[in-house]
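Letters A, B, C, D, E and F name the chains as they come in the text, with residue numbers starting at 1 for each one.
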Amino acid sequence: MKIKVILPVISTQFNSEVEKEVQQFVSSEAVVEIEHLDKGTASIESAFDEALCAPDIIEKAVQAEKDGFDAVFIDCFGDPAVEAAREMVAIPVVGGFQPAVLTASVLANKFTVISVLPSVVPMIRGLARKQGIEGNLASIRYVNIAVLDLSDASALKANLLSQLEAAVTQDGAEAVVLGCTGMLGLAHSVEEAAAEKGFQIPVIDPTGAAVGFLELLVRNGLKKSGAANPTPSEKPRNFYPEGSILKKT
Amino acid sequence: MKIKVILPVISTQFNSEVEKEVQQFVSSEAVVEIEHLDKGTASIESAFDEALCAPDIIEKAVQAEKDGFDAVFIDCFGDPAVEAAREMVAIPVVGGFQPAVLTASVLANKFTVISVLPSVVPMIRGLARKQGIEGNLASIRYVNIAVLDLSDASALKANLLSQLEAAVTQDGAEAVVLGCTGMLGLAHSVEEAAAEKGFQIPVIDPTGAAVGFLELLVRNGLKKSGAANPTPSEKPRNFYPEGSILKKT
Amino acid sequence: MKIKVILPVISTQFNSEVEKEVQQFVSSEAVVEIEHLDKGTASIESAFDEALCAPDIIEKAVQAEKDGFDAVFIDCFGDPAVEAAREMVAIPVVGGFQPAVLTASVLANKFTVISVLPSVVPMIRGLARKQGIEGNLASIRYVNIAVLDLSDASALKANLLSQLEAAVTQDGAEAVVLGCTGMLGLAHSVEEAAAEKGFQIPVIDPTGAAVGFLELLVRNGLKKSGAANPTPSEKPRNFYPEGSILKKT
Amino acid sequence: MKIKVILPVISTQFNSEVEKEVQQFVSSEAVVEIEHLDKGTASIESAFDEALCAPDIIEKAVQAEKDGFDAVFIDCFGDPAVEAAREMVAIPVVGGFQPAVLTASVLANKFTVISVLPSVVPMIRGLARKQGIEGNLASIRYVNIAVLDLSDASALKANLLSQLEAAVTQDGAEAVVLGCTGMLGLAHSVEEAAAEKGFQIPVIDPTGAAVGFLELLVRNGLKKSGAANPTPSEKPRNFYPEGSILKKT
Amino acid sequence: MKIKVILPVISTQFNSEVEKEVQQFVSSEAVVEIEHLDKGTASIESAFDEALCAPDIIEKAVQAEKDGFDAVFIDCFGDPAVEAAREMVAIPVVGGFQPAVLTASVLANKFTVISVLPSVVPMIRGLARKQGIEGNLASIRYVNIAVLDLSDASALKANLLSQLEAAVTQDGAEAVVLGCTGMLGLAHSVEEAAAEKGFQIPVIDPTGAAVGFLELLVRNGLKKSGAANPTPSEKPRNFYPEGSILKKT
Amino acid sequence: MKIKVILPVISTQFNSEVEKEVQQFVSSEAVVEIEHLDKGTASIESAFDEALCAPDIIEKAVQAEKDGFDAVFIDCFGDPAVEAAREMVAIPVVGGFQPAVLTASVLANKFTVISVLPSVVPMIRGLARKQGIEGNLASIRYVNIAVLDLSDASALKANLLSQLEAAVTQDGAEAVVLGCTGMLGLAHSVEEAAAEKGFQIPVIDPTGAAVGFLELLVRNGLKKSGAANPTPSEKPRNFYPEGSILKKT
């Protein structure tokens, strides 16, 4: 089973770390390949960033299917271009949001998403509404650290822990979802630190949930719904430059 | 009051018709200017089309604010790039969906959206969920005609009328929203034809609702919410070509 | 375009102030006329007050249509007698609640209504439920000042500002609706004061939203839905005194 | 235990029949007294009718409390003036809607209300939304007979039976609520006729549910919530004529 | 009217107290009989406890119907085995949850359940969701006292009072439901103590609401819905020991 | 990774078929062991059946954890005893419902569950409500065949196909969930037959989704939430016979 991870950032700096993260969560049957964007933004923290990254995400998803991949993970919690990519390929495509919150929905009636900045809260609420599970959200919290500043792991972990504690005691959360795929390698240690303080609260890493869902979908032979994500019809489209594989689509 | 209408299609063929449509619905205080896209698609009927049109829509919205416009109407029922454009400008921005369904919500507890093709139904449902008014939808129906084939007004009108009748008698609709901004100049005549058959059902034209909402917002001095649509932070973005005003954003 | 404003109070003391307020928000095409009640209560702050004002509100709405008005604004946030008046006339009728919260719904996913007294909170919740947008309410707050004591503008403004701050920081509000049409002339200055404290939060004046919606409806030629607000059938009704124009209805 | 039944119609013609109906459903401890309106309408089938009946309903509820009654049933499925009457008295007040649909909610996950005319459907939907139980409604159906024409019991029964059958087989209803308190004496026989056709579906008579709820509330010593229905404050009210007990309220 | 109260605990220690509690709330027409379990647990505070008590609850409900009882009250707020018992008998069966929250729904738009321990909160939320009234819950609170330690009435009362105050002032509750049928004899005195502090908040005792609902159902001749709780079909079942009346079912 | 499949039926007749079914969907890392019940019922089609099977399901889940299994699948679409089993073990436990509907929620905005008999519809609706995803259900349909009669695969397949077609064309389903874990080996062939008729609709087998979810949870190191499913406290419990491992719990 070949899984393509599209990292929607325009630098190579996270590739190896993300690969390490993904490898932790896949079975021995999965072969994973990471790819970042040629055109887009340094990180996605706004609808504007999503709009600028979307065309190249779609292009890379289409290429992945052509290259024989079985599934695509668009590695961002905002699920950027997920619906558009699904329209263009038959293989399963997920972002970070859906698999994480649906995994949380198995473990908890109410859960909290802890994300990066206040600016992404409306985006996450919008995704929860579209998914029809806003009622399962205890709250949306944030550590108030930008994506590109997440590298200080110990400060981030302390911050996540205090948000988790507030989520449980004030908001009634029974589980926690890390609301950014850039919070690498922390889910388990936050969970353990919380357990030491008496909170037996699952902490869901969106990367792990995403690749787990893709393995599930591939093993079940499940492909996209033509009713939910119909293939776009032919029409004039002048967007793509020479060299784009989407030119002839 | 200057209103910019961004028509998210890559041809000039609809400009004059749309201008005529818009003029019907604005006050004498409004000056309207229509502009189509340089880069994008011939029409928007999929998330893929939206993704391809979004960058140029945003660019034109930013330019409109620089040019002193007071408000922007992105003239498509799918509200393409509306959230992203709002992040980048302070003046009010609406698409076709929000104003139309909120106007319908004043007139009716339950209303039906009649759109073009089955392929846009999931998109419309998603917008209704994001807006938090899915419970007010009696149904989403369609005439099964592509956007670019809407020009046969009499066939379209007959089709809309029979969908309206089904919406009222089978789905409990109390009002109807035309679910495509390309259904030009038909709302009133469909309403009259329905009245002749005994159905006193308001038919909402999304163009009229949109420009009406923009006039309302401008006269109330209401601009975007910084909490709902925060201005994107500075970061590397390599998407735009030379010449784009977004280069320096 | 002639707009009748029915002020549901039994004194003339607010007429000129309300007229000034309304004039701020209408286009040059709108001619506005204010009228208060002959029979009713000094202000509406309970379902009891609504019940006592309803008959004369309806009578004045019917008279307005007979007098050639194009639209009616029942100038109270509780939307008193709005449904009943709609049944009796074809021209658009709105109160203060619907236009304000639907305008807020364009600008924000979650917004807070700040009203006068705790006693009106259940009424406002009921209206939000009927409208199907309770899920968009971040909270319902109040300044704890009765309608007839709202004249101390500076105390009211300070109070509104602190409620706005709490709404944003504690409840997640992205916009604020003034929940009483008697909070005259304050929306803009509260918005500015909030902006100075770093909160870019639109503050919606229900009067401005209401007349804006009426202009929108009139310019779109939209009248009442016969399915939502059917004309009452003939039957014995002994309620009205001699002289009532409803006698013969 | 003394229960006052306020029949919101301006004729005496239903008094004895209603008394007979109520007696079927009360315990031996309940003393029931029926009273119709002096001012109002011949029946309630619109928000307009409700507005005209409300003042006298409130007056009679206040008088009932003064006269030592323990509870008030406002005998109409539209719950007219229920909230206003609750504000003015401490004893329990119910209409026909709330007790019936909440009783149905014990017996069924999904139930259908079968009412009189299409014109009352929006009113019933509004009540269901305000009550927060719209999701439990399988459908709202109607027999298409006006209240004052319900006297032909056998035609009504046949009509109810066919609506019940459609509600169960097409809408997924597990119970049925008669949506008009004027459908006297039919619940049990409709239930039996349905059972003969193989449908074991409880049919709830709103009158029986209402007086049952009042007995429950009185025996539990439960009075109104001051938070939900606060007593109106003092203020000028010029509505009531000489002789009204509300004059001095 | 004969009402069977099944007390789902395996000791006799509460029988007389519960009988006294029930007698307070029934009419003179009701004959009440209490019965505890032979097999089960000392109290129900988990889904595990419910699973262990369910078989004997069902057996005793079936026996009650055979013995001529008209209705069954399964005396626990978790509604254990209520759906299963309804499948096996035609007479009305209720637990403590449904009647209490539906009674609260008449008196209040938003109410708080105050239960025993944090561990039962998910159970109560699940019941509220199944009932379709989660939106009416202001909050679920708890006194943090286990069922078997509820006997210290004055500590419990003080605790309930402070939870009530928090529910009203922080969560917007308009009524309170005691969320455990073991909080005997306290509803009225908590209500009075709250009133002395200025909170006019109905406090609903689940036992009183349950028997009140059963009297309502019996007097209305309402039995179970065959669509909601169909009688189980014949099939091999080897669960019950010799002597069980369910052996031959 | 060792996965225990608890088949909640009291015969051995399905063991080998189920094992074959499960093997199709697991990775090479998973070792699967099937176990049926000693005490319970021949199949689960009612809350009564669930109640009778629950104690032995819990016992076998506890034993599985003691025996070193990493996860438990309770192989029934009704999720019988899932919550109770979770309380008693730390390893992940799922039934058939949650994983299937959450998988469908990734692929579709609206999906239909096709189950066995009308009698299980209320059970499935209750599970959907508890999960908070009732709004994502296009409909609940059934083939009207009892679990023990599902062995005629070709009749079942034809029936499923016609229900799928109705779900898509009448109810707006974008995906289909097989609503009984006894519909073995049919998901893929129904999907293919539907595709031949032009419906590109994913058909989700609950068995495949369940073991896929368990692999995901185990690989993510996710265990139960102590807040959602707290371990039951010590107290007298006399339910279990000599020999039960739950005796001392």
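Observations, loosely collected:
Assume a contact is a pair of C-beta atoms (placed from the backbone, for glycine too) under 8 Å apart; a residue touches a chain by one contact, two chains touch by 3 or more.
It should be emphasised that the depicted structure is a prediction, and the values quoted were computed from it without experimental measurement.
Separation of chain B from chain E in touch steps, taking the shortest path, is 2. When the contact pairs of A-F are set against those of B-C, D-F or B-D, over half line up by residue number only for B-C. Homomeric contact chain B/chain C: same residue numbering on both sides for over half of the interface positions. We define each chain's centre as the mean of its Cα atoms; on that basis chain A and chain B are separated by 29 Å. Inter-chain spacing, taken between the CA centroids of chain C and chain F, is 52 Å.
Rounded to whole angstrom, the centroid-to-centroid distance between chain A and chain C, based on C-alpha atoms, equals 43 Å.
In chain A, the positions touching at least two other chains are 109, 122, 126, 129-130, 132, 135, 174, 227-228.
Working note: touching chain pairs come out as A-B, A-C, A-E, A-F, B-C, B-D, B-F, C-D, C-E, D-E, D-F, E-F. By the touch rule above, chain F contacts chain A in their complex via residues 25-29, 94, 98-99, 102-103, 105-109, 130-133, 135-136, 168, 173-175, 187-188, 199-202, 204-205, 208-209, 212-213, 215-217, 219-228. Taken in their complex, chain C has these residues touching chain A: 109-110, 135, 172, 174.
Interface residues of chain F, counted against chain D in their complex, comprise 121-122, 125-126, 129, 134.
Residues 10-11, 39-43, 45-55, 58, 81, 83-84, 86-88, 118-119, 122, 126, 129-130, 132, 146, 148, 227-230, 232-233, 235-240 of chain B are the ones touching chain A in the complex.
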